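These notes open a run of structures that come right after.
The following pair of complexes shares a single chain, chain A, combined with chain B in the former and chain C in the latter.
Here is the complex of A and B:
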């Protein structure tokens, strides 16, 4: 077990700027990790069951940011994530990821994605699950094996290389899924309520591990969640969305410094939680 | 423990357990589950063998008891409501003594086979097994091919699935002679000489491909939304998805189909031999024993038992393969 439970954002000597906000040195010179411009989404347009899911969404993420999308059920936050991932085509508007179109970014494997359900392949061992994207990208076998090992060490599951998913608990499966999404070192990580199904203990533990990984790998993360404390604890910016049609109601920067177990008891943490709650209550009316 | 306590890794693993660290706790649970699992496999196999032996013994006992009952109440001379009327009579012609059925395997074989009836049946079974195995292999390949084709485009499934189903409404006995004649007359372009048993294999194929095609299609369409989205997020081609997601996902469904197909291929081979008039296998043996029933009734029982054993054997081979492949993945489907 691990030191990271207490000091997720350790190694601060290596990365001093980590503690607050974006890690990007000079944002102006860097290409945005995610740039969503005026995106609207209607499902079944023109039919009686038309759903107006998203309405004129503008959202950007600097490289190295940790952004959470939060909002009531059905506000389209998962849809927005899928639009960024180019799994869903927006009805209107444009999305670019690292300066490319979202679809090109998908084809180039610029992002990793983790879903609410771990979605591991039952017939593959833990290591083989992590190797899946690498196989599709044509990595050699020794490279894949080495990378899977490294990833399993990152999520502290290196003893379970040869286990099948059915032999792991839900929390462990979710960690494998996160390892899989990180295996090819994507510069962007899209996560759709990945800890939604976990119990509170495991969830907090996973949050700390994710923050540690975020620090170590310097990825940009866009994270969808239902939980206000989770959003505040994890992110550098909380994006609050209104119910259908989903709009961005507020963007709340979070400045809590390096997270640790103490952060969860910090008055500043509670202040931020309250601020996000108020914004949520305002949109729910 | 709470997360505010610093967890340390430099202590012994056992010490860490006491603090119920979530990760270590999970690891222990998983390891224990795996151990229980292996033990369960061994005991369940032993239990099945015992249950099967008891079942066979009970069947024999029931046979003897029923025969005894019929003899005691003299079902030949008097009308009884069940024994000898609705249920079979118990005379030695209808129900040969159990001893005769057991010893028939040791008696000399019919015709010019110098061995015992038992070894004769073994040879016949192997002949039928060859027909069935070739038919099974071809049927699985064709069935899987159809399943992949139909899974590829929904329109293809909509258009052709009804014909796949309709194919099974044609009685086997009707097509068998046609296949044999067709094979003899038309397949002279093949690099090898066409033999009649191969026609029987085609008949077995006809029964085999169907469950594989239908169940295979279900399996290929079984991946869940999160799996399809994952492959999409990797920009995987249809072929890559087929190979890495759809085919592996269909394996439990395929095993369910293979169990049906394996026994169906034996049935197909036996029925095919009988109706196509192909000599050498169990089918013709059963037909011959039926014709000679009044002379040697126990032989027909022997042949039928051999056919049953053959069917059970191929079924168990598939079950064994299924266990070996799927057990640890916990993906076995109850059929």
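Here is the complex of A and C:
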């Protein structure tokens, strides 16, 4: 039962979490960024509408990894992300983030989060939106202003400091949301389909920006997506999940080196996409 | 001059003046009976002739309106905050309030007279309070609770307290809902006060002045009192709009794309 959670569909050896794409040279000595052990989740347990969302999930992320969770609707990938964020308590199992309990990590603000909806506050300027988490953490005003500006430079929106979200395009709003999630230098970034609502051009542009930020900030990223090319392009490891109940069906390490526009035309890229597609087809069939 | 014409108030003001002019001219041409519809000039004349009496009555009714409005808004907002912070209170109170909202409050005016005294303004005030309470409570609690789920999750991911979520997310989110209800309440309060006064309360208020004038076939006097009531409603509406602009300068600018 538990074995199936880590058995890869394509028959190759399961990834141990250390991939060539990862920047952590000596991963064994470091504390895991994310450690999900035997987590199960049932909603409305014991009632007729019981949902078995996750079944014995084991997942680890080394510091500096970029992991994407992919799977059909209802496979529990967003739920898993929320369990790592301690926004949802798992029915069974344990989660630790940087060696702490998930809830302690939430209280210590060890992770930043971004959602499919940018979720900016209409009544705050772009800069003030980014400052909100810093305000809650008690940063002084000059520090907050400086940090917001730095973050806006990172997502290349420094001209829009005083603008309101309604004056920005969807892609720009999403960049502000990412800047906000990075504002307090979290060592872990949890992203739930952040580019899901964007058009293809904006999406590819955002992917490149995210990879640049990931490289510059050395964060660990756990990223939920529906898109196979997106998962392959972004991550060092793709985790394929199966639905009802959600299980990990395969973990596919991706080794494409530094990404660029050419990567999207690289045969190795297409091979990886095919591999992920096969794994997905196996769980859907 | 051209700047005055281009201000947003220009079109409705000009339209209003136009309607008054047409009204005046039509009645002069067709010489309708005064008791059907007095000419605007006759109403203005009645207002000038009865100025001290109408002014005094407007002050009595104005006090009922403003005090009732303030009390109704305060009670409505406090109740909305309570149901937002305590889920059990929400489940108990909100459906009840929505159901009670269907009660024609104005119809209770004679009953309130029985409770609070036939000649006391208290019964009129209470009608205004109850009538204002419902839209303010229902709208404000909706604004406080109908927050995008990801925004709440975001705040929880910052380990924000319930109070911080209320202050940074729920209250700003509720402001447009609250001001819509407040602006609606200003005219409701005027209607409620004057109609309640038809049934009881102080006899030197606008309501009794209207019924007495109409009873004596002095319709231009009755209209003069109606104009006074409208004026109070207009001023309160304008104040609510100013408050809205101060509280949410960006979103009330109307320039949101």
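In this section, the second predicted complex is superposed on the first by the 265 of 285 C-alpha atoms of A that agree within 3 Å, B and C clash if a C-alpha of one lies under 4 Å from a C-alpha of the other, contacts with A are read in each partner's own complex, and residues count from 1 in each chain.
Note that in this section contacts are C-beta pairs under 8 Å (C-beta built on N, C-alpha and C of every residue); 3 or more make two chains touch, one makes a residue touch a chain.
Quick caveat: nothing in here was measured; it's all calculated off a predicted structure.
Q: State whether chain B and chain C clash or fit side by side on chain A once the two structures are superposed.
A: Here the two partners, once superposed via chain A, clash with each other.
Q: Of chain B and chain C, which one touches more residues of chain A?
A: When the residues of chain A touched by each partner are counted, B comes out ahead.
Q: Kindly classify A:87 by the partners it touches after superposition: chain B alone (first), chain C alone (second), both, or neither?
A: both
Q: Is A:121 contacted by the first partner chain B, the second partner chain C, both or neither?
A: After superposition on chain A, A:121 lies in contact with both partners, chain B and chain C.
Q: Examine A:205 and indicate which partner it touches, taking first as chain B and second as chain C; both and neither are also allowed.
A: first
Q: With the two complexes superposed on chain A, say which partner A:76 touches: chain B (first), chain C (second), both, or neither.
A: neither
Q: Which partner does A:64 contact after superposing on A: first (chain B), second (chain C), both, neither?
A: A:64 contacts neither chain B nor chain C.
Q: With the two complexes overlaid, spot the stretch of chain B among 57-65, 111-119 or 183-191 whose C-alpha atoms clash with chain C.
A: In the superposition, chain C collides with chain B along 57-65.
Q: Need the overlap of the two footprints on chain A, from chain B and from chain C, as residue ranges.
A: After superposing on chain A, chain A residues 82, 85, 87, 106-107, 109, 111, 113, 115-117, 119, 121-123, 132-133, 136, 164, 166-167 contact both chain B and chain C.
Q: Which residues of chain A touch chain B once you look at their complex with the stated criterion?
A: The touching residues are 1-3, 5-6, 82, 85, 87, 106-107, 109, 111, 113, 115-117, 119, 121-124, 132-133, 135-136, 156, 159-160, 163-169, 171-172, 201-202, 204-205, 208, 261-262, 264-265.
Q: If we count contacts the way the header does, which residues on chain C are in touch with chain A in the complex?
A: Listed in rising order, the residues are 148, 150-151, 153-154, 156-160, 164, 168-169, 172, 175, 248, 250-251, 256-257.
Q: State the interface residues of chain A toward chain C in the complex, per the touch definition above.
A: Residue list for chain A touching chain C: 82, 85, 87, 106-109, 111-113, 115-117, 119, 121-123, 132-133, 136-137, 164, 166-167.
Q: Spell out the part of chain B that touches chain A in their complex, as residue ranges.
A: Where chain B meets chain A, its residues are 2-9, 16, 21-24, 26-27, 29-30, 33-34, 224, 226-227, 229-230, 232-236, 240, 244-245, 248-249, 251, 328-331.
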